[in-house]
Each structure stands twice: as C-alpha cells, then as structure tokens.
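Should a chain be cited, it is by its letter among A, B, C and D, assigned in written order, with residues numbered from 1 in that chain.
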Amino acid sequence: MKIWEKDIHSHNRNREIEEFTSGKDSKLDLLLAPHDVIGTIAHVMMLESIGLLNQKDLEILIKELRHIYIHEILTNNFQMDEGIEDVHSQIEFLLTDRLGKVGKKIHSGRSRNDQILVDLKLFIRTEIKEIVLIVYSFFDLLLQLSEQYKNILMPGYTHYQIAMPSSFGLWFSAYAESLIDDMLLIHTAYRITNKNPLGSAAGYGSSFPLNRKMTTELLGFENLNYNVVYAQMGRGKMERIVTESLASLARTLSKMSQDICLYLSQNYNFISFPDFLTTGSSIMPHKKNPDVFEIIRAKCNRISSLPNEISLIVSNLCSGYHRDFQIIKERFLPVFDELKKCFSIFRYMLNHIVVRKDILREDKYKYLFSVEVVNQLVQKGYSFREAYQKVATDIKNERFKPLKKNFSHSHEGSIGNLCNQEIRDMMRKLINKFDFEIIQKVIERLVYGKNP
Amino acid sequence: MKIWEKDIHSHNRNREIEEFTSGKDSKLDLLLAPHDVIGTIAHVMMLESIGLLNQKDLEILIKELRHIYIHEILTNNFQMDEGIEDVHSQIEFLLTDRLGKVGKKIHSGRSRNDQILVDLKLFIRTEIKEIVLIVYSFFDLLLQLSEQYKNILMPGYTHYQIAMPSSFGLWFSAYAESLIDDMLLIHTAYRITNKNPLGSAAGYGSSFPLNRKMTTELLGFENLNYNVVYAQMGRGKMERIVTESLASLARTLSKMSQDICLYLSQNYNFISFPDFLTTGSSIMPHKKNPDVFEIIRAKCNRISSLPNEISLIVSNLCSGYHRDFQIIKERFLPVFDELKKCFSIFRYMLNHIVVRKDILREDKYKYLFSVEVVNQLVQKGYSFREAYQKVATDIKNERFKPLKKNFSHSHEGSIGNLCNQEIRDMMRKLINKFDFEIIQKVIERLVYGKNP
Amino acid sequence: MKIWEKDIHSHNRNREIEEFTSGKDSKLDLLLAPHDVIGTIAHVMMLESIGLLNQKDLEILIKELRHIYIHEILTNNFQMDEGIEDVHSQIEFLLTDRLGKVGKKIHSGRSRNDQILVDLKLFIRTEIKEIVLIVYSFFDLLLQLSEQYKNILMPGYTHYQIAMPSSFGLWFSAYAESLIDDMLLIHTAYRITNKNPLGSAAGYGSSFPLNRKMTTELLGFENLNYNVVYAQMGRGKMERIVTESLASLARTLSKMSQDICLYLSQNYNFISFPDFLTTGSSIMPHKKNPDVFEIIRAKCNRISSLPNEISLIVSNLCSGYHRDFQIIKERFLPVFDELKKCFSIFRYMLNHIVVRKDILREDKYKYLFSVEVVNQLVQKGYSFREAYQKVATDIKNERFKPLKKNFSHSHEGSIGNLCNQEIRDMMRKLINKFDFEIIQKVIERLVYGKNP
Amino acid sequence: MKIWEKDIHSHNRNREIEEFTSGKDSKLDLLLAPHDVIGTIAHVMMLESIGLLNQKDLEILIKELRHIYIHEILTNNFQMDEGIEDVHSQIEFLLTDRLGKVGKKIHSGRSRNDQILVDLKLFIRTEIKEIVLIVYSFFDLLLQLSEQYKNILMPGYTHYQIAMPSSFGLWFSAYAESLIDDMLLIHTAYRITNKNPLGSAAGYGSSFPLNRKMTTELLGFENLNYNVVYAQMGRGKMERIVTESLASLARTLSKMSQDICLYLSQNYNFISFPDFLTTGSSIMPHKKNPDVFEIIRAKCNRISSLPNEISLIVSNLCSGYHRDFQIIKERFLPVFDELKKCFSIFRYMLNHIVVRKDILREDKYKYLFSVEVVNQLVQKGYSFREAYQKVATDIKNERFKPLKKNFSHSHEGSIGNLCNQEIRDMMRKLINKFDFEIIQKVIERLVYGKNP
C-alpha cells in the first residue's frame, strides 16, 4: 500500500504500472537510505521543537531511527519490502510497523519532494567528499611522477605535428593542474548542493511554523535554499551542475587516456606497461592493447554526456515538481561510483607506467629544436621574423643543424621550472575550503547522540 | 602574406582554401582587437624587462599600440586588411608597416596560441563583467516585483496539477534565488578564466627567460596557468566551462519564459502584457501571442546546447593545440551578446507585466488548501496520516470545505516570510567577490599610462 | 583464462582490472547468446565449405551448437562461467570443453570484432521486429480512438494560446501519422544494420579464402558490408543510427505525453483516467497525478539523448577498432526493452482514456471560431485582409459573435475528413517492406536444420 | 506594419522588441524567397480552382509572382524592405503594393505556419539535391583513388596498435562505402520532407474547401502530410531528421579527417600534401600543419551537434506551433552550405594527396603479418588456438619471422578483392531513387508556364 493511497480498494492498482513507475528505484534507493534516516532525525527533532511531537514520541522515534541506521543500514541488512515504493516509504513503514501510531506523525510539514531533495543533497555531499579524496591522491601521484621524470624529454605536438621539446615532467604536471580547475567546479557544485531544502515540502512550503534554520544547523548545511519554490526548482538543476563538475574531472581523465593510447602505440612508443596490465587480441598474437585506457576514455566520455541528458529531460518543463525528476536518479546515483573507479584504476596503472628515456634520438625529431635556434639568433640580435625566415630557409635547404645541448627553459611552468610546488599549494588551498568534517559531525550528533 | 609563410613563391596558396580556413575569423576577431593590443603591450613591456627589446623600441611600440587602441579601435576605425588572417597578424602587420623592423621583434617568446588565449581571457573577463551587471539589475527587478506582489496568491502546481497555494511574491523571488546559484557558476568560470597563459607559447614554453609573473601582474590576472602544457589544454575547456555557466543563467530565463507562456494562456490567465508587447496571428484576429518569451526560451535553450557542441569538437583530441579550437570561437564570441539581449528584453517585458489579482476565486482551485486543512487537523491532535486519510475521504465524498481565511505560512522562504532580504544579501556578497575594478585599472595603466 | 592469453603465468592479471574492463558485459551479453550461436553455425558451415573444417568436425560442432541454443539458451539455462570474459569466449569455451580440439578450430577466419558485429546485427534485427509490431499495434489503437472520437471538438492551440477548433479525431490521428515518419527511420536503420560484416575479422579481412556471400545468404542478410575496414567502421555508427530511429519514436511518445499531462491538468481538463491509473501525493489528498505519462516522457527524453552520448564516445576516434565501442553496449542493448515498455504501458493507459465531450462550452473558447467567421466573410466577397480587419475590430469592440454551428472542415486531413484510411495504407505499405520472415527462416534452417 | 496588426495605433511597437523577435530572419529569409514564390503560385492556382479567386485575378497574380521570381530573385535584386518581418510578408506586400486589392486575397486558406513549412520543404529538397551531387562526385573520387592505390599496403590498426596489413585501396574505399549508408539516411530525410503541408494552415486546417491534392501535384510532392495537426508537428522534427542525415555525412568526413591528421604526422608519415596546401606556424619554421582537415573535422563535429541543439529547443513542447521553431532556422538554413563547402574543399585536397609507397619497410611493422603466419599454420593442420599459441611464443622468444611475400587476401571486400564495382553499383542504385527531375519540372511549370 502506498502512503498516498486513499482507501484499501484502490490499491489493486495495475502491477505493471507500478513496476513501470517505480523503475529501478528500489535498488538505487538503498544508496539513499542512510541519508534518509539522518534527514528524518533532524526533521523530527525540529517537529518536537515546534510542538508537533512531544518529547517522548521524539525519543522513541530517534531510538528506532538510530537502530535502523546502525544495525540495519550500516550492516547491509536494510532492504526494501515487496511492494514498497521507495526508501522514504520503507522507513516510514518500518517506524509505523514497529512503533505504531507515532510513526504516522513524522511526515508533518514534509513532503517526499523535499525529503528526496535532502537525501540527494546529503548523498552528494558524502560522495563529493570521496571523489575529492581520490582526486587528491591521484593529483599527488601525478606530481610525484612529474618530479620523477622531470628530466626525460619527449616531443611536444601541435596539430599532431612534431613541434617543440616537451618533457614527462611537463606532461604529468599538466594533468595535475587540470584537476585544479576541475576541483574549482566540484567545490562550486558542493556549495550549490549544500543548502537546506527541508521545509519546502512539495515546493510551496507548509502552514506549520517549521524552524528551517534548526534543520539547517542540525544537518550542517552551509545555508538554506530560502525560497521554497526555488528549493524545488533546484531538482534537476542541482544534478546537472554536479554532473557538469564530475564531467570536467572525467574529461581530464579521458584526455590523458587518449594521450596514453597514442603514446603506447608503436608509432609513438613513448611509454609502456607490464604485460599483465595490457590485453591481447583473439587473433593477433603480438598485440598488447591499452584496453584499460580505452575503457576509461569511453566511460569518462559517457559521464560527460550526462549533463546534456539531464537537460533534455528537464528542458521546457515549467516550475513545480514533475515525476520526470525521478528518472534522473537512475543514472545520477551510480555516476559517482563509476568515476571513482576510473580514478582508482588509472592510479593503479600509473603506478606501473614505464617511461622510455631516449625518445628524442629518433631522426624524425630532429627539427624539434628549431624554435630554440630561432631564439638563439634573436638573442644574437636578429629580429624574430628575420630569424624565423633564416631557420625556415635552412630547413628547406637541408642546412639546418639540430641543437640538443645547452637546452634550457627557465620561466615559470616550463620544462626547467615546473612550479610543481605552486601547483600543489593551489590544490591544497582549494581542498581546505571543503568543510568535510561537518559530514562526520552530523552523523555523530544525530546518529550517535554526541554533542557538537 | 601570412606571418608563417616562408617565401614569396608559396603564397599563391589557394584562395578558396584560405577563405575556408579563416572562416568568419576576420569579422569576429574584431571583438578581440582591444584585448590583443592590451596583451601585446604587457608582452613588450616584459620583453624589455628581460632585455629582448631596448627601451627606445619599447617606447615606440607602446606609443603606436596605444594609438591603435584609442584612435582606431575605440573609434571603430580598426579593420582587417584584405588577406590578413587574423587580428593578431593585423596588429603585427600595422606595427611593422608603420614602424619598420622594430615591429618584427614583438613576437619573441610568444606564439599565436598563447596570444589568442590571452585575448580570449581578457575578452571573457570583460564580457562576464557586463553579464554580471545586467543579471544583477534583473535580479533586483525580480525582488522588487516579489515585494510588490507578495500578497497576490496563485495556485502552485506539481505534475501540472493544482497542488497548494503559492504567490507571485514566491514566484518572482524563486527566479531571483535561482540567479544566485547561476552566479556561483559564473564566478567560478571567471576564476578559471582569470589566469595568465602568456609565456606558454605554442604550449611548450619558450627558451627565452620570460617573466610570466610580470605579465600576470600587468594584466591583472589572479594567478598563472603555471604548466605551459596545461595552459594550452585550457583551450576548449575554458570555453566549455564559461558556456556552462552562461547556460545556467540561460536555463533560468528559459524556465521562467515557459512559466510565462503558460500563465499568459487563456487556460491559466494569471498575467498579461499590454497589446503593444504581444504579437498577432496572420489568420486569427483574436490572438495575442507571447512571442518574446518563446524567442527567449528558444534562444536560451540554444545557448544551453553550446557546452555539448564544444564537447563534440574536442572529445578525444589528444593534448596540444589543434586548429579545431578556432571553430569554437564562431559561436562562443557572440554568445555573450545573445544572452545579454535576452536579459535586457526580459527586463523590459517584466516592467510591463500585469498580474491578475483574483485568480483563486475560480472553482477549480477549491482543493488548493486541502493540505492546510490536513495540517489544522494535525495541530488538533490527529497524526499526519490519519488527517490525510480523513481529508481524502471528505474530498471523495464531496464533503470537503475549502479554507481560504486564516491562511498563514510563516517559516523561512514561505509565502508569509519570503526572506527577500536574505536572498539579496547572498547575491550582494557574491557580486562583491568579483574584482572587476582590475579590468579598468589594467586599461588605465597599459593604455593610458597611469600609475597603478 | 582469456582466449588471447599467451601463457599460464600471465593470467594472474589484476582482478580489479578485469572487472573494470569487462564491466557489465557478462550479464548484458546473455542477450546476445542466441545470436552468437547462430552466427557461429553459419561461420563453421562456411569454414567447412572452404576446407578449413572437415565434414565430421562440422557435424559435431553444429550438433553441440544447436544443443546449446535449444536446451540451454532457450530454456534460460545458459550462463557465463566465472572468469569468462564475454559470450563469445563462453561459447568457444563450452565447445572446447565438451568436444576437445575441434572446438579450437572455429575461430579461424574470424575475430571477436566481426563476431560481436554479427551478434549485434542479428540482435538488432530481432529487436526491431518486436518494436515494429508493438508500434503497429499502438498505431492501430490511435486510429481506432481517432475514429471513435472524431466528432468531439477540442480547442487547438498555437503559442499555448487558444487558436482554432481541433478535435480528438485530429489529435489521435496526428500521433498515428507521426509514427509513419518514425517508421521510415526505423526501416532505414534496419537496412543499414542488415548487412553482413562476417569475414571482416579485426577490420582488415583474412588471408583465408572466406566465402562471405555464403554467410550472407545463410544469415539472411540483405547484402554485405563489403569493405572490411568499413564493416568495422560501422561499429558505433550503426548503434547511433539505430538509436536515432528509436529516439524518433520516443519523441513521438514524449510529445503525446506532454499533451496528456496538460490535458489532464485542471486548467485544461480535457481528458481523465480512472483512479486506479493515477497516483496520489504524500501530502495533498486531492491530487491525481499523471505519473505514468511523466515517466514515459522522461524515459523517452532520455532515450533521445542516446545518439549524442554515442557521438561523444566515438567523436574524433580514428578508423579501426577501439575498445570504447564496448561501452556503447551497456546502454544500447537495454534501450529496446525500455522503449517497448513505454509503448506497452502507453497503450494500456489509452485503453482507459476518458474524453470530455463538452469542452468548448466554456466561455474562454468563444473566439475559437474567429477564423471561420473571417472565412465566411471571404466567401461573401471580402478580401482576406479586409475580413481579418473587420473581425479583429469586432473582437476589440466586443461585437464579435461566435459561430458554433454549420461548422465544417472538409479538405484532406481536416476535422471533417481525417483521411485515416490513407494514413493506415501508408503505414501498411511501409510495414510490408520489412522482410521479417527471414529471421524465423534463418533460425529454422541453422538451428533446426530445416531446408530453406 | 505587420500583416497581423489590427489598427494603426498599435504599431508603434517597441523597435527593440521587433528586432529581437525578427532576429536574423530577414537576411536568412532571402534563401527562402524563390520557394515562397513557387509555393504561392501553387496556392493561388488552387484557390482559383475552388472559386476563391476568379481567373482574371489569378492571371494578374501569377504574372507578378513570376516577374518577382525571374527578374528580382534570380537576378539578386530581391530585398526585404525596412520593417517587413519576413519573406512571406514581403512578397504579400509587393503584390498588394503593385496590384492593389487582389494582393490581399492570396492568404485565404493559408497561414504563415504552413507557408513557412512549404518554403522549408522546397528549400530542403533543392539543397539535398545539391548535397547528393557533391557527395556522389566525392564518392567517385574515393573509388578512383582506391583503384589507383590498391596495391599500396599500409598498416591496419586496432586500439591505435599496429594490427594487420591494410592498404590504401581498402582505406579510400571504406569511406566510399560509408557514404552509402549516409546516403540511405539522406534519402529517408528527403522522403519525410517531400510531403505537402499546404492546407494545414495554423495547424488545424481551414473551413475553405481547399484542394490539397492539387497543390501536392503542382508542387511535385510525393504525398501529403495528411493530418493537419501532424503537418505542423513536423516542424522541428523535420529539421532534426534532416540534420541527423547531414550529420551522418559530416561524421564520415570528420573521421576521415582524423585519419588524415594522424597519417600526416611525422609519427605515421603515410601521406603528404604539397606545401601550398598546408599551413605554417608563427614560431616553428619546420611545421606543415594539416589545418584544412582540422577545420573540416571541427566543422563536421559542429554539424553533428545540430540535432541535439534542435532537440533541446523542442523537448517537452506540447503540440501546436510555437515561435521557438523560428530560432531553429538560424542554424538550419546555413548548414547545407557549410557541409557542401567541406565536401568541396576535401575533394580539392584529395586531388593532391601524395601516398607513400614503402611504409611497411619500417622495422616497427614487422609483426603486422603474424596473423597470416597463424593462418598458414592452420592451413597446415594446426587448430587455430594451437597456431595462435605457437606464434605468440615465437614472438615472445624473438623467433618470429615476418612474412611479406605470398601475401594474398582474396575474399570479398579484402585487400585483394576490393569489390569497388559492387560498392559503386549500390550507390548508383540509391542515387537513382531520388526523383530530382521533379524539382526542375515544378519550376518550369509554375514559373515558366510550361506544360508538364
């Protein structure tokens, strides 16, 4: 029986319809269960504070909610009962089933619309924390590798054409710095998420004198989604903004995977991985395929398609809740795990990367230093355009002599001066802006009853 | 003749090819002209500081660059000469043409790749400033309207179904608060943009001892794009991030337009506009069409497609510059103007909006207050689920009595407590984070020679 | 052990890596199992014909393959063994395990690249057949409803504004005709799919003298993907084209769902559904939400995002197989089922639709016939523009008299002349172009040994 | 003054608003002018046939319309007058201005909604014809090059890894065959477009006894869009379907461009182009950049984003006309020209391609023939898996001997048997299905008065 069903007779609702509208909800919803309990604890504490629950009811409810959290959810014993629509209903059902009438009191001043929003926000907050940690460790590895290989030169390309000298120090560090801009987006997504929607109910607030600041404080949100219409309008929008930030991280991995697929090819042959990390072919015995990076590239490209998918779902919908938002959950909830796995596998692979040291010896890289020669002429007094014409003519007439010694780049961010410390400092500063301790503090206070 | 052409004979390059590869560059590039001059002034000042230009050359160059800025660009007399590929070449060409050999010296330690990046960044910085100002004025109008109409009730909908009471105060204010989250994204896009790429050259730095911190300071950037490979990797990525933030603003307008199109329809009839602001039909004499809002909706939806368009262009490209990035400019440069026009027209329209005052009198809205009745029963001691069942039964048996007086929502963000001041404060705080004065200061220092 | 593993020692390959690269393959791959067997039967028959298998080996292999098809796959007893990478390996493994050395002979002249292509093509062929049947039955219902309600008028809207008279006859039939254009796309996708890739191996053909025409004929393909490089290039492209055609059907459902959500709202109130087919609210006892149609709308919008997702994955990949293609399967294989369910639920709902008969009585629809009045004036001798001005002036001065009798539209496709028979004929003609019998014939011949 | 303006006083409508809602219409609309005249000629002929115009009026109107077509549009003298909203209004205005009252009669039984649909359909028909011709000539060139270079071997890659022998014959021909599948989509888009919407008026038909079959025949449409609601619903949908088919062609070019960018790089060095067709660098004197192909790749990727852009605009719009559709025109009308230019430049480039003949001599390609060796072992009696293990072991122990002679692939579509004739036949058969002569016949009959 659904919590919105009005009498017993109506509930022989078509089963096929039910399955269709519930979709994959029940399984995915388990991801939200701990957050639903926490949101509910905060909500009932607030209800008691405004006199809609007495203290005894509150104690009974909190005791049971904490039990569900600690002894059912944390121990993986929490499940959706047959015919229960979603995790919100399941928890309300358990309370009513176990505690009787008092369980029926908890939905005052709340709708499933703001309840699912709170759940999503607490879920996102926790998931972003995990993403940030894994990104930071990946970032750290990139900088380590950059330092380790800072003296190994490689060709730099533009237009897929051999252009100028680059180095593995530069290459690894470039992707580290890329993660900083991505992290700025993650931080913004976190801040946009980290606002309290509770009290917006179905999107138009409640006639109860709810204390929204109290739930904001209990749940550790940075602020309120004040306007109740906007709180609900954030549905779909929040998911889009969060996936845009995840997609930015994903694109950094995807691009680096693309580089690696090229560098692993025999035509580049810049790097390699041990045999046990590459894949063979069912017909070509000599192949060592970079499958892991192709899979990462494709998965990350797919992640990058999510914001557009969400946009197609919500485009041109007027304000107010629409059931369409539920469908967004089906791909949104698992995306964090997908991305975390990509980072973790990528890190595992990079721990085994083998960098070739004598790449530039090959004849085809002989013009790599032509700009350096131009620059030397400039330092001898040529104007830049004259020097450029001279070297171009030399190359054409095959009189060009490559230059491989006395090569030095010294300015910030160049081969000889990677500024990895500055890059590390930028990231650290950014990471410190996330107030992740609040997540644990909220759990300790609401679930374990510790004082703040 | 192109600046990269090596001898006179090669330049009978196919004209069709040239037109094809230049594309709409020459016209669009005019938007970048002032920024190219400013970036060049900073670059030559830095070249002089490291001894690659003498002081006299510097003075000559700066004088001419300032002349171009003040007397050609600002007065709309700056043009692209026939056969000149882009704005960078045009300015270098003018300098060489007017000053002789000294003009050929300015490209030392620079590539068109970092030059266009600087131009884009200075352009974006300026455009975001204008966007922020127009958004803020639109935001202000929304809050004014929210206050003005805070006592006018309207139905709130979920699933397009009449749900609960809402108000014009809530509705206007919801879109104001929406702009705050959008603005957070704009601010992040601004910060990601506001880093100095100069010195990254073609993406692999330079063998000259460039002083990148000096150009960072001269151009008022918040920081450097340190790693030179990453600086170039930001191309495409930066445009995507910026358009994602613009798209977020656009979606707020699009959604509000959708509401307005519904509210203007005879089936809702909540608002109207004076005749001179609506459009007729070529065959139906009674029509008053909301064309302006349909056009805004469509233009904003189109803007929201831009990040995906950019992604399709750059997806799976390896690191390093590709000419593909140029094509992004064609739709990226004009998007700021498109969005500004949408805001400005929308604001003009809202200044003439007429709100209907007696909407809720219609019979179809009689159940609008059913939740309030449920809540009153709860306050009389019913549990929520019991009260819900009782009201549902009353509605079914047609015994339900609507409630229209003693209606009060008092919690934060609800009809009776809009928290517009809190919303305004959030926006102000956010706006203050943009350090827009730096834009003017840079111009004054580099173009008009004022001391900082 | 993988079929491409070279020795026993290498197979302590990281488990996490394996799981990551296999992904959801093993479960999804079961959908391909019957098709893999059929493709393999055709392949081994061909191998025998060119002397790469002797007749006895062929008989043993075919017997076992048929056994797997009939007694394991059809009875749902077929499973992927632990550690087996994909369905192709599983079937090869079963053969080798049960038949010994002869099982190792089947992969001659074949790669997993053309094998998965064949599987996908046979799978798509079968799925399209099912889609076509369900679409046709949905189409039929729409035309029935169109006939049933052809005399019930409703307002026609443009710009969400009341425009001119329409009818339920027109409305239902419009979506029927929409399915015809969608079906043209499905037919094209079918034809593009229905070409034999077998023999293209890894994308570069084979040095064995394969008889590709024989497998084309055995598998009932319309033609060959001749060029072996193109055969492989079809991967990703084929899925995109197929999903574009499915998306076109999906958008027809999505648009009709959007209409229904509006028509169900109290502000339109054109149609209704029995209580047991609508959904309630957890806090508003009067609500009857159109959840089914919102879910259909969202699912169909999500389906319409698939072609772009595929494009983002394959954009800018050079020719030749990439492992990225595997990731496409994860959302591609299940999409057929998703769409079929949307059609089946939609049909179920339409069987219960209740159409309101007196819609036009409401005062707000009084101008609905203004064009008819204009037209009557034209028939009395006014020029169109004069008549238009006269009626517009009458409306403005409130002298306009609505016209509700003698209303007749008689031209093709109008209210009074729906041309449903012509529409039905177009669809029938189109359906007849699909040669679906071949699917069954191939099974009978290859699996049950019946002569063609 | 607009044709839908009701009195003189209302037309001091805000100019900014007008500009905003007209957008780029007036310039783009010129592309539609010839088609608007043709559609109007057919419409007035039909009006006369049902008695809404007398024969004399018809003659006067047709004479003037033909004059506009031949002496103003064809000679590029046709322009939009200041303040005229669109091409439809301009032509109606010219007729009224020149012919007086008779000009006001032509809009009977027509709305701008079906008028723009007819214009678009006639425009698309003509543009598709041009696209087909240019694609066919490109296809032809690919097959020529395939024949010319059929004996030049190159490495075939999978996963960017050297895999098996391929050839330039295979490579060129693969893209030729790709165009066949694309052309199937173009043909379907053509058929979906080529249906008569005239008579659907604003989307709900007309009370005049219009003869829609007559205009269908006069305009050479294959059939009617019967249902008038669907005729209008085709707006947006038709553009999406057409751009999906153009995008398929574009993706073929984009992929081939990607191959070429790689093959031109020094790391592959498979092909080259004369200097005058490549581009230099502003700082690196040795560079020869493949800019043309990068621009084609990016432009084609952008074209491939159009269907999604259109989807975002129309997603979740209910049935009936919305002004949003106008915005689609802004990028839709020019896309044909963009794509034609890409084909024409690409063809120009391919005419100058230089293919390197001794690619396989390089040491890194030595394992290219390993599968051939496996296959030879199979033909000597090894099972495939045994042969595979043997060769893999030989490679590992560096005992593998490459095989370069006696290399032969003979099956259909392989290096030794390209089947270019079969591919050519498929394309010819497909091209013949387009009945393009009708386009010219319609012009001759309606504009030049020739009998059919």
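By our rule, contacts are C-beta pairs under 8 Å (C-beta built on N, C-alpha and C of every residue); 3 or more make two chains touch, one makes a residue touch a chain.
Everything numeric in this text was worked out from a predicted model, so none of it was measured.
J.: Which chains, if any, touch subunit B and subunit D both?
T.: Joint contacts, listed by label: A, C.
J.: With contacts defined as at the top, give the pair, B-C or A-B, that has more of them.
T.: A-B
J.: Look at all chain centres (mean of CA atoms) and spot the one farthest from the centre of subunit C.
T.: Farthest chain from subunit C, going by C-alpha centroids: B.
J.: Looking at where subunit C touches subunit D, is over half of the residue numbers used by both copies, so same, or under half, so different?
T.: Same: most residue numbers at the subunit C-subunit D interface appear in both copies.
J.: Can you work out the whole-Å distance between the CA centroids of subunit A and subunit C?
T.: From the centre of subunit A to the centre of subunit C is 32 Å.
J.: Using CA atom averages as chain centres, what separation in Å is found between subunit A and subunit B?
T.: 24
J.: Any idea how many Å lie between the Cα centroids of subunit B and subunit C?
T.: Averaging C-alpha atoms per chain gives centres 38 Å apart.
J.: Residues of subunit C that touch two or more other chains: which are they?
T.: Answer for subunit C, listing residues that touch two or more other chains: 3, 6, 107, 157-160, 163-164, 201-202, 262, 280-281, 283-285, 287, 289, 291, 294, 297, 301, 304-305, 308, 311-313, 315-317, 322-323, 371, 389, 392.
J.: Once bound in the complex, which stretches of subunit C touch subunit D?
T.: So the residues of subunit C in touch with subunit D come to 3, 6-7, 52, 96, 101-102, 104-109, 113, 156-160, 163-166, 170-171, 173-178, 181, 184-185, 187-188, 191-192, 199-213, 223-231, 233-234, 237, 241, 244, 248, 251, 254-256, 258-259, 262, 297, 301, 304-305, 307-308, 311, 315-323, 371-372, 375-376, 378-379, 383-386, 389, 392-393, 396, 407-415, 418-419, 422-423, 426.
J.: Which of the residues in subunit A end up touching subunit C in this complex?
T.: The contact residues of subunit A facing subunit C are 2-6, 10, 12-14, 16-17, 20-21, 23, 88, 107, 110-112, 201-202, 275-277, 279-285, 287, 289, 291-292, 294-295, 297-299, 301-302, 304-305, 308-309, 312-313, 322-328, 331, 341, 344-345, 348.
J.: Please name which positions on subunit B make contact with subunit C in the complex.
T.: That would be residues 157-164, 261-262, 264-269, 280-281, 283-291, 294, 308, 311-312, 315-317, 364-365, 367, 370-371, 374, 388-389, 391-392, 395, 400 of subunit B.
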